[in-house]
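Remarks on the structure that follows.
Per-chain residue numbering starts at 1, and chain names A, B, C, D, E and F are given in the order in which the chains are listed.
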Amino acid sequence: MTEIDRLELGKKTLNMVDGPAADNVMNSLKDIAPDVGKYIFEWAFSDIYNRPELDLKQREMITIATLLTQGDTAAQLKVHINGSLNVGLTKEEIVETFIHCLPYVGFPKVLNAINVAREVFND
Amino acid sequence: MTEIDRLELGKKTLNMVDGPAADNVMNSLKDIAPDVGKYIFEWAFSDIYNRPELDLKQREMITIATLLTQGDTAAQLKVHINGSLNVGLTKEEIVETFIHCLPYVGFPKVLNAINVAREVFND
Amino acid sequence: MTEIDRLELGKKTLNMVDGPAADNVMNSLKDIAPDVGKYIFEWAFSDIYNRPELDLKQREMITIATLLTQGDTAAQLKVHINGSLNVGLTKEEIVETFIHCLPYVGFPKVLNAINVAREVFND
Amino acid sequence: MTEIDRLELGKKTLNMVDGPAADNVMNSLKDIAPDVGKYIFEWAFSDIYNRPELDLKQREMITIATLLTQGDTAAQLKVHINGSLNVGLTKEEIVETFIHCLPYVGFPKVLNAINVAREVFND
Amino acid sequence: MTEIDRLELGKKTLNMVDGPAADNVMNSLKDIAPDVGKYIFEWAFSDIYNRPELDLKQREMITIATLLTQGDTAAQLKVHINGSLNVGLTKEEIVETFIHCLPYVGFPKVLNAINVAREVFND
Amino acid sequence: MTEIDRLELGKKTLNMVDGPAADNVMNSLKDIAPDVGKYIFEWAFSDIYNRPELDLKQREMITIATLLTQGDTAAQLKVHINGSLNVGLTKEEIVETFIHCLPYVGFPKVLNAINVAREVFND
């Protein structure tokens, strides 16, 4: 795949997942670190997200679990809770993904993620 | 549900997921911290794992993603990569779950998890 | 102990530790993830907090040390710095718990925790 | 070196790196945990920062990499992105330090650090 | 306090807490990074551990909680579980400190710490 | 740049930094997750490592600081301490990079990294 093809596929995929939130991230990077935006398109959302072994619902479920676990990711969780809804996960499945993490990471990280979900669901 | 019922349901569920590995964890806790084993049965594998919103394949996928992300969890990843196979995830889906985490956590944690998977797959 | 007994004991214990802050956490969970509130009562504040081996002052000291260490827990630290005062720790003991963590976690996490303590003490 | 000498050297070094931001940190500690400020002067910015093996540009580059990696350090990153500029790193070198961390820690932590850099650069 | 005094006080305190394990750490640093050993004596075990606000039992309890929480600290936990016994904590209090962390950090980190405790108790 | 060009440039760069250790990582990925090896070449060591804003000595200094900070990275630290020597950092600069992290991450992570450095230096 050429560099242009990877960029285009990444834009299409990111748009499907994140919609307008994706544009905000890219615009915020334009002045200061445009190549980071390029790598998000070319690598994360083109090379990785389009691999056939998992579908987008599974990928977003994994994404919100890894974001919850690493902590200090409220901004990214907001984007990907929206993304989870966009690709077809229900609110119940999103919250249940967080609840399933309870025995592995404890309450504080799960409560933080639920707080972000509440904000997203209320919008 | 009574305390006995929760304990029994937890044992049944943990056995379904982890098989003999579960017994090892429980035995290793018997002398030093038996109640931790009790909480793993009653709470983690009874109350949490039996909630209807997600199936066991989804739960194990989330589990290995959260274990990979927090790091220093080789022992637990070993148990749950086995558990993932036991509930029907393929080797390809397990490795792909790890690969999907790459843009979120970077290469070191993903390489660590792949090393554990290699060991489990070779057994 | 029955499910109701565990719930009641948990409510009583959490109230003793956190007072009105506990109600806020529970209310915020009511619509979106009520079972998480139930687990906090039944498991964390009933099963765990009432074990006889440590008293509530020791438990809150451990709690604020673990919250400081994991990071991204300002909301939970606020609740448990208040909780520490409620169960009888002095302001000096709370700050000293943070200072003792300095050689183990470095300055950034300790400064973050001290900032939360300043807010709580000023209220 | 006497205690006074260490304190004075630390004040001088911290002032060179952080300027007015350093005073703010120290003032905010005065009432609640003055000794933490003392340790920052005596140990971090006297004993450590004045060791001859690395210069201040290298030290600030390492500092912003370690702050980015541990997460939940927006306040400290702000101080040390300013510090990086004060000791002679360019904006491009600062952002590139963050970009170099991408394969090791993933996008969320790097995007968080870039957001702090944008704020500092805009001031 | 002079540099020599701080060094001597730190040696005395570290010896009280860690006994022979302390010597091992110091010896292992002698060739490659002797100043790190110096800072452990002068700062951690002199300046910090001798502050009057908390006693050594409380300090070791906080230490093992923060080590458990940050993960990848088996070597340090081994030293400080021994240290906890040396300053008078019982095996039950040590294990209970770990159990109290369960709701805050989840099972994997607690199981890791219990495994280290089992090794230390068996020696 | 074409996919082949990126792959070739990545191989060349990784070989310069890591030498035979790089081959070991790639071989270990061949059966189970070959694309992860491909991304390490194409993205990490081609796209990122060849950006002109920082030189290889600076990049390896940042790499070992970020690896030390995230923890559970002994295998990767081993590769990159070797890499640091390969690109021209001295043993003193490597150890000093770790020492500089002390006030930011505390002693346990720094001691872990120094232990890996001792092993590498002794080989």
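Just so it is clear, contacts are C-beta pairs under 8 Å (C-beta built on N, C-alpha and C of every residue); 3 or more make two chains touch, one makes a residue touch a chain.
In this text, all values refer to a predicted model and were calculated from it rather than measured experimentally.
J.: What chains do chain A and chain E have as common neighbours?
T.: Chains in contact with chain A as well as chain E: B, C, D, F.
J.: Could you compare the number of C-beta pairs in contact for C-F with that for A-D and name the larger?
T.: Higher contact count goes to A-D.
J.: How many Å are there between the centre of chain B and the centre of chain D, using C-alpha atoms for each centre?
T.: The separation of the two C-alpha centroids amounts to 39 Å.
J.: From the C-alpha centre of chain A to that of chain F, how far is it in Å?
T.: The computed centroid separation for chain A versus chain F comes out at 27 Å.
J.: Distance-wise, how many Å sit between the C-alpha centres of chain B and chain F, to the nearest whole number?
T.: Comparing mean C-alpha positions, chain F is 30 Å from chain B.
J.: In chain D, which residues are in touch with two or more of the other chains?
T.: 35, 39-40, 43-44, 51, 67, 70-72, 95, 99, 101-105, 107-108
J.: Which label fits the chain touch graph of this model best, line, ring, star, complete or other?
T.: Graph shape, chains as nodes and touching pairs as edges: complete.
J.: What residues on chain E touch chain D, complex-wise?
T.: 1-3, 35, 39, 43, 47, 51
J.: Could you pull out which chain D residues touch chain A in their complex?
T.: The contact residues of chain D facing chain A are 71-72, 95, 98-99, 102, 107-112, 114-115, 117-118, 121.
J.: Across the complex, what residues on chain E touch chain F?
T.: Those in contact with chain F are residues 25, 28-29, 31-33, 35-36, 39-40, 44, 67, 70-73, 75-76.
J.: In their complex, what parts of chain F are in touch with chain D?
T.: Residues 40, 43-44, 48, 51, 53-54, 58-59, 61-63, 65-70, 92-93, 95-97, 99-105 of chain F touch chain D in their complex.
J.: Show which residues of chain E lie in contact with chain A when the two form their complex.
T.: Interface residues on chain E, with respect to chain A: 101-108.
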